[in-house]
Every structure is written in C-alpha cells, then in structure tokens.
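A quick write-up on the structure given underneath.
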Amino acid sequence: MAEREATTGISQAYPDRVEVRGRDLTSDLMGRLSFTEYFHLLLTGREPTEEQRYFLDLLLVAIAEHGMMPTNVAARMTLAAEPRSLQGAVAAGILGAGPVLLGTSEACAALLVEAQEKVEAGASPEEAAKDIAAEYREEKRRLPGFGHPVHKPTDPRAERILELAAEQGVAGPHVALTHAFRDAVNASRGDRPLTLNISMPMAAVMLDLGFGSDTVKSIPILARTAGLLAHLAEERAGPIGFEMARAAEHAVAYEPPADGGG
Amino acid sequence: MAEREATTGISQAYPDRVEVRGRDLTSDLMGRLSFTEYFHLLLTGREPTEEQRYFLDLLLVAIAEHGMMPTNVAARMTLAAEPRSLQGAVAAGILGAGPVLLGTSEACAALLVEAQEKVEAGASPEEAAKDIAAEYREEKRRLPGFGHPVHKPTDPRAERILELAAEQGVAGPHVALTHAFRDAVNASRGDRPLTLNISMPMAAVMLDLGFGSDTVKSIPILARTAGLLAHLAEERAGPIGFEMARAAEHAVAYEPPADGGG
Amino acid sequence: MAEREATTGISQAYPDRVEVRGRDLTSDLMGRLSFTEYFHLLLTGREPTEEQRYFLDLLLVAIAEHGMMPTNVAARMTLAAEPRSLQGAVAAGILGAGPVLLGTSEACAALLVEAQEKVEAGASPEEAAKDIAAEYREEKRRLPGFGHPVHKPTDPRAERILELAAEQGVAGPHVALTHAFRDAVNASRGDRPLTLNISMPMAAVMLDLGFGSDTVKSIPILARTAGLLAHLAEERAGPIGFEMARAAEHAVAYEPPADGGG
Amino acid sequence: MAEREATTGISQAYPDRVEVRGRDLTSDLMGRLSFTEYFHLLLTGREPTEEQRYFLDLLLVAIAEHGMMPTNVAARMTLAAEPRSLQGAVAAGILGAGPVLLGTSEACAALLVEAQEKVEAGASPEEAAKDIAAEYREEKRRLPGFGHPVHKPTDPRAERILELAAEQGVAGPHVALTHAFRDAVNASRGDRPLTLNISMPMAAVMLDLGFGSDTVKSIPILARTAGLLAHLAEERAGPIGFEMARAAEHAVAYEPPADGGG
C-alpha cells in the first residue's frame, strides 16, 4: 500500500480473525500464553524465555501494590465523585505514576546504561559508579534510586529482587553496577545509609535480561493498574474516598491574606 | 469536497489566518471579545447578548472554586507525584467532576426540561414539580439539586443566582420551576428543609437564557479548571499534596483478613 | 484505633516489610505468584484456583489488543504531543475504555445476572433469554453484547472462549444463558445474524467461575493497559501519532456558517 | 491551629458563605467580576489591572482554538467511546497539552527570563538573544517558540499580539527580547525565515505585565479547555469521532514480522 507510509507491527483485526505480532490470536495465543507472556510479546514482539517470564512476573508482583499510596487515594476520591466511570478513576490514579513515586525506574535504567558504557570503555563497575555518584554530588543532584519514605534501612522488595536474581543466575553487569552504586552512595554516610529502593534493582534485572531501557517504565504502570483496580473494587463495595478527602482537607488551614484581600 | 462527509463548524487554521465560527480570529475576535464571550461563541456559534454574557460570567465565577474539594486534593497529589506535568494534574482533577460533586447541573437541566414539558401541556409549575418530586419519592430516588454537605440551611450561591436573575429580569419558566421544586421537596420536611444547592438555579438560568440543556455541564467543567489551575499554582509554589495524602492514608486502618490470609 | 472507622483490606507498607491481603509480599508472594494470580488475589482477596487462573489469563489475552483501536490512536496522539509522559498517554487511552468499545462486558454481566435470577425462579434459560430479549426489542433498546464493526458473522474470540469453557468443563449456567441469548436474538433475523461479540462470553465465564459481576470490567481495563503500553513503546521508537492525527483532521471538512458568521 | 502546618490561601467554604482570596464570593465577587478577572484573582491572589485583564482576555482568546488539533481529535474519539463522560473526554484532550503542541509557552518564558537576566547584567537585548540562540545552535537544541506546521512565514496570532502590545503601550523588555530572538534566529536563514509562533509573544506579554513565569502555562490549558468543550458539544450533537478514528487507522499499515512471528 504505497500511500500508507506509517506502519505498525502490533496487530490487525480481520472479519474472521485477529493477528497479533504475526500470530493468530484465537487459535495460537489464547489459552497458550499467560497474560505476562502475552504482555512481553506485545511489548517486544517476542515471546519471553522462561527466565524473562519469571522475572517479569516477579517485578510486576513486586511493584503493583504498596499500601494506601497517593495514587490510590486520588483514584478512590475520583471514583467517589464519579461512581459510573471506573476507567476515569483508573486514569486519575495512573496520572500520579510520575518520577517521584514510580517513574524512578526509568531514570535508574538510564543511569545504569550510562555506567555500563563506562565499564565497556574500560572502567571497573566500582569506578564507574563512584565517578557518576561524585558527579551528582558535585551538581547537588539526587541520584535516582536512593531513599524511601517508609522503608529504612533497606527496602525489602529491592533486597528480594537482588537475592532472586543471584539465585537464578541472571545477575549480570547491571546488577553488579547496582551493588556498586549502593556502595558508592553509602561510602561516606557512616551509619546513616540511604535506602536502595526498588527502582534500581528492577531496572538492573530488566536490562540484564535484555529488555530495552525504554520499556522499563511500562512495568510499574501495568502493575499499578492492577493495584488501582483492587482499590477501586474495594471502594465500590464500601466507599471511603470522601472520608479520605475530608481528612486531607482538614490537614490544611485556610489563611486568607492579612489585609482581608482588600 | 465530496469524499469528506464529516464536517465541523468550529474553526480552521490556514497558513496566514485562523477562522473561528466564520470570523477571522486575529483581525476580528482577538482584542474585541472577552474570554467569556469567546467561550459562548465557541460553544454555541453565536456571540452572547449582554444578558447571556453577564450570567455566563456570573455562573462561571459562582462554581469555579469552593475550598479544598476532593478534585483539588486529587489534582494536588498528582502534581506532587509528577511535578513536570501540569496538564496531567489538571486532568486528574477534572476526572472527579462527576455527578456527585459537579455534574448535578446536567441532571437538573434534564429535570427542568421534563417539568417544563408538563407545564406546556397544561400543568402549573407547582403541579409539575409536585408530581415529579412525588415520583422520585415513590421510586426512592434522590431528586437532583437538593442537599449539600457544607451549606445549610441554604446554599448562598444558589440564593444569589436566583436573586440576580430576578433583579435583572431574566427569571423565566425554569427559574419558576426551581422555586416550585424547592417548595415541593420541603413541603413535608417541616423545620428540616433540604438545601437547594447551586446546581438547579445554575441550570434554570441557563435554560431561561436560551442555552441548550446539553451545554449546561460545560460551565462547571470550564470553571473548575480555573480553580484547579489556582490550586496547582499554589502547589507548585509550596507543595502540600503529599501532606494531604498522608492525612488521607492515616484516616484508614489496614485490616487484614482474620485468618491471616491463609 | 478507635478514631479510624475507614478500613482497607488490601495492603500496608511497614519499614521492613509489605503486607498484602494478609501475606508477606517479599517472602511469600514475590517469585511464587504469577502476575495474573496476584491480580486475582488483589482484586478478590483470594488466590485463584487453577481453573480461575487459566481463564483469567485467557480473558486478559483475548481482550488486550485488537488493532489500531480508537483508544490506541488517542493514546499515540497524546504521546506525540507530550513525549515525556508515558502515563499521561496511557491515561488518555484508558479514558476511552467506555461502554461503546469495552465496557459492554459489565452490561452483559448485569444482563446475565438478571436472566439467571429468572432461571432460579423456575424459567428455562431459553425462556429467560427470550423474555429479556423481547423486552429490549419492545423498548427499542439494543441488547448488550451483540454486533461488531469488524467481526462478521462471528467474533472468533467469542467462539474460542466458549469452546475452551466447554472443553475445560467450566461452562455453567451463565454460559448456557449466553447461548440462549444468541438464539433468542437471531431467531427472527434469518440469514442476517447479529455477531455475538466477546463481551458476553467473557462475562459469562467469569460469573461461572465465581467472580462478582462488579469485577468484570476490571479485566478489559487491565488488559487494554498492556495493549496501550505496546502501542506507546512502538510510538516512542517510531512516532506516527501526528500522521494519524493529520489523517483524522483531513477526514473532516470545515463548514463555516452560511452567513459568514455575521 | 497549631497542628495544621499546611495552609492554602485560595478559599474556604462555610455553612453560610464561601470566602475566596479573602473576599466574600456571593456578596462581593459574583456579578462584579468577569470570569477572566476571577481567574486572575484565583491564580495570583490579586484582581487584575485593566491592562492585565485586557491582555489576559486577548491571550485566552488567541490560544483557545486552532482547528481540528490532535487534542480535539483525541477528545472526540474518547467521547465517542464513552458518551456519558464529558469530563473524561476533556481530560483526554488536556493530556495532549504538552510541550510539542502547547507547552512551549512555558519554555519561552524560561528563555525570556534567562535573557532578561543577561540584559540586567549589562548586555543589550540583541546581544543576549544572539548569545543564547548561538548556544542552542551549538548544542543542536531547537530554540523554543520558532517553527509552525501550518503558519508560514508568520503566525498571524503572534503578530497580532505584538501589534496590540505595542499599541497599548505594554510592550516592555520581554517583548523587546522577543523581537531580538526573531532577528537572531533568522539572521542567517536568508529568505527561509522560521515562523515566530504564538508561544513567545504570549509569554513575553505576560512577563511584561507582571505575571510569574510559572503561571504562563495555565493560560493555554484554561483556553484549550474552552475549545475542547466546544468540540465535545459539537461531537454530542453529531458524532464524527469514530469516523476520524477510522481515517487515522487507515493511514497505518499493519506489517507483521517477516518470519511470520515464528
């Protein structure tokens, strides 16, 4: 079709069948692939190896739910205000999946890619991590992946991911760099180490398994959607969104301008 | 253009000019119309009369801001989590502009149109309102436009809209029906009257000024966007979104299943 | 904690661990549950049986992707306009997961529940379906779950779901009603049968497996999020969003008012 | 209230009144302020001068609508898919108000602030603009505010804003820098000048009128919401969203992997 220059390699629906990534949806994929395997196929065009499947499941489970997060609060308030629109409430929740709460994994992936380039150019992982950490300190920028408001001194999810990556033999250069970054960051902090949070181990394992750094952020977004849907099912069954909104409102005092606004 | 059956009457950009509703944007509209007048032109295809302009301004001002509403809370939390995306936070806030908080005006417009049909078929406004209110009571449905969590026994915005509509001589059949609905609802409630909230007077004035009932909900959505932008500017200058999220979270206790989830 | 009346049963983060549905996230769930099993646990509080797991995977795979749907188009345009916000583009796409495209499954679940009540009151599935279909015809309402813009005369996904449900022995009363509805709808249509689309088989299998009708819509929303993420990864790698927007724009002719807007 | 450290200066609802920025909403603001004046008060805490009001109206009118933009297309498709949720469709449209289409005004404001600092440090506007433009060229970054897909060689809205700013005597240092940037960018481009689009004049006028650079992006977001509401009212009256989606879909060819996905 000469006049159509734009192309997609994902899927096409025909009257009698649906083709996805070159495969027949109903006769081949449905019933054969798990949702996680299908997500991998959709995202990358390839079915995962068993290792990729295992860690994709692991990471999706690790990041999906973490208590009454601000995104869950915002979604529940939105459903309370518009009970007919489940998708509106999900969308409101996903909009908070930003760098502060969830997007750090993408920044960590970029950091690990940068460090790995130094390693491939001859540096040791320790040197690469140390150099980059020093750079951030000088520029007074915060190194992504460190610090957590709840988990101290360690983030149990981060530790478990690293443990399983070592056990299953998938820990490669990016996991090695993750350990090096932790050492570099905490070298000078004595007994007040910064928590290595879940973001860098998550990114490292994905990179070591061959995922592109661009796809890293897709994991927390899909995972959190599952968590949001659980909160919204609970909200539908017993609404507490407005009660939370009231508590939030009461935490803030109105202070009009001193001159009465005149 | 025979092959294009779909049409729009709103606007078109050309290399050297922009046409909106048949007018030249730069030589005619910019600098001549206020934003409110332009909004009217965009929405209806016509420039407003002075009365329509006055009440459109009045209603937009009346509904734009009302304290730390759940929509403002949700938007501020979303900005705190993703500070780079002002539009994401606005979108999260708008998603809560549903029937519970803001959308009642649309339901009120439908109710007034239904009642006015009865009036045109011969009923008095009092009879029409009484019949419909009785119907809702029988079906145990809540009549839209009544009750307010904060404003008791009256909503000062509702009263002010009705007052100005009377003063300016624009109160027509739909405003008359609004008074009739209030009487019908409160006839049997003795000294515990339900608050007539802002939604029905807003809808009534719009209908009496010739707006279609379909456009009624556009007013609170545009107005609240202004309020949201104010909250988000304040949030940018001094973030309190996460503090509100914490208060919301603390208002909720985690109660695991009694059997330990086993 | 007497002062906190609101409760959640989903999860809680502590400094050294995260508890989800009464289980320890890192020592118990991570690495043991697949994402689909975890989604079931999050949504319902229970781990799925093998049958529930199999069909949840099946349905998520069936509904996740279906070509360049309007929701994918909207999401890709949004990413083209704001490349930094993956979550904003996902949210824009999810907002179109409404009744017209995806939400029919919820309406189908309600229909099946209503029909099953008739069956439990003594009607045969055929009678129950016939009665309800006749009711819809009289009220000139469209029965949810029938008709499809692309798939004619059958939706291959619907057929495959019914086939696998029969094979695996999970087809219960709601699947029986689905067949009855198809017969009732097409009895009078001769050789122009309406397509039974994916929505009713999806809802029927979920109900037969013990899912609540409230959770039915969560499946297409989670599934489509995976599809959206695939489209957005492709859009990032090779943007076509603006090209699609141009094609959409060119399909519409601007027709100013005949009087030149005067 | 010692325990509440978070404060807001915007508004508070009381049972019998609503206070906004230290003023009484119903007795003072409603009926006195236009929506534009109220937006200024909400955003900045101050009522506008007549000049500020005039240019705020001008800029809101200038940027609200510009044909069948991708954001309007995305919003109309979303409404077609979920006709009950006007706010969902508005949100989908606003999410595309990113740097590529609309957010450039914020980047332009930052650029003008940076240049004005050089001017205050002794440089002439011409030198400041030339230096910064040269810097961007060296780093191969695109200077924000230049180029337009439709308007060539000039953007009529940009020219009209500059014209009215000169006429009304509000053109100050930031407008002067805007002219200097245009000259610096086009000095070496001969007869292929880049279009100065609407973003920099908009930002310049706002800065010259005393608005903070942080508030600049609020203008296009509020303005576009009005445009979106017009498109959605038209979509409700005569749906073309799916027709546009079809045209977009047809512009893209599905190209499965060469190996059949095997």
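We call the chains A, B, C and D, going by the order they appear; numbering starts again at 1 in every chain.
Please note the rule applied: a contact is a pair of C-beta atoms (placed from the backbone, for glycine too) under 8 Å apart; a residue touches a chain by one contact, two chains touch by 3 or more.
Keep in mind that this is a model prediction, so the values were computed, not measured.
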item: Pair exhibiting more inter-chain C-beta contacts, B-C or B-D; value: B-D
item: Interface residue overlap between copies subunit A and subunit B, same or different (over half shared); value: same
item: Centroid comparison with subunit A (C-alpha atoms), farthest chain; value: B
item: Rotation angle (°) superposing Cα atoms of subunit C on subunit D, nearest 5; value: 180
item: Between subunit A and subunit B, centroid-to-centroid distance (C-alpha), Å; value: 36
item: Geometric centre distance via CA averages, subunit C-subunit B, whole Å; value: 30
item: Separation of subunit B from subunit D, taking each centre as the mean of its C-alpha atoms, in whole Å; value: 24
item: Two or more partner chains touched - positions in subunit B; value: 6-12, 67-68, 82, 84-85, 87-88, 91-92, 95-98, 103, 240, 243-244, 250-252, 254
item: Topology of the chain contact graph, where touching chains are joined (line, ring, star, complete, other); value: complete
item: Interface residues, subunit C side, partner subunit D - complex; value: 67-71, 73-74, 77-78, 80-85, 88-89, 91-92, 95-103, 240-252, 254
item: Complex interface listing, subunit C residues touching subunit B; value: 1, 4, 6-12, 19, 21-23, 45, 82, 84-85, 87-88, 91, 250-257, 259-262
item: Complex contacts: residues of subunit B adjacent to subunit D; value: 5-18, 20, 25-27, 29-31, 33-36, 38-39, 42-43, 54, 56-58, 60-62, 64-68, 86-88, 90-92, 94-98, 103, 150-152, 154, 156-157, 159-161, 164, 214-215, 217-218, 221-223, 225-227, 229-234, 236-237, 240, 243-244
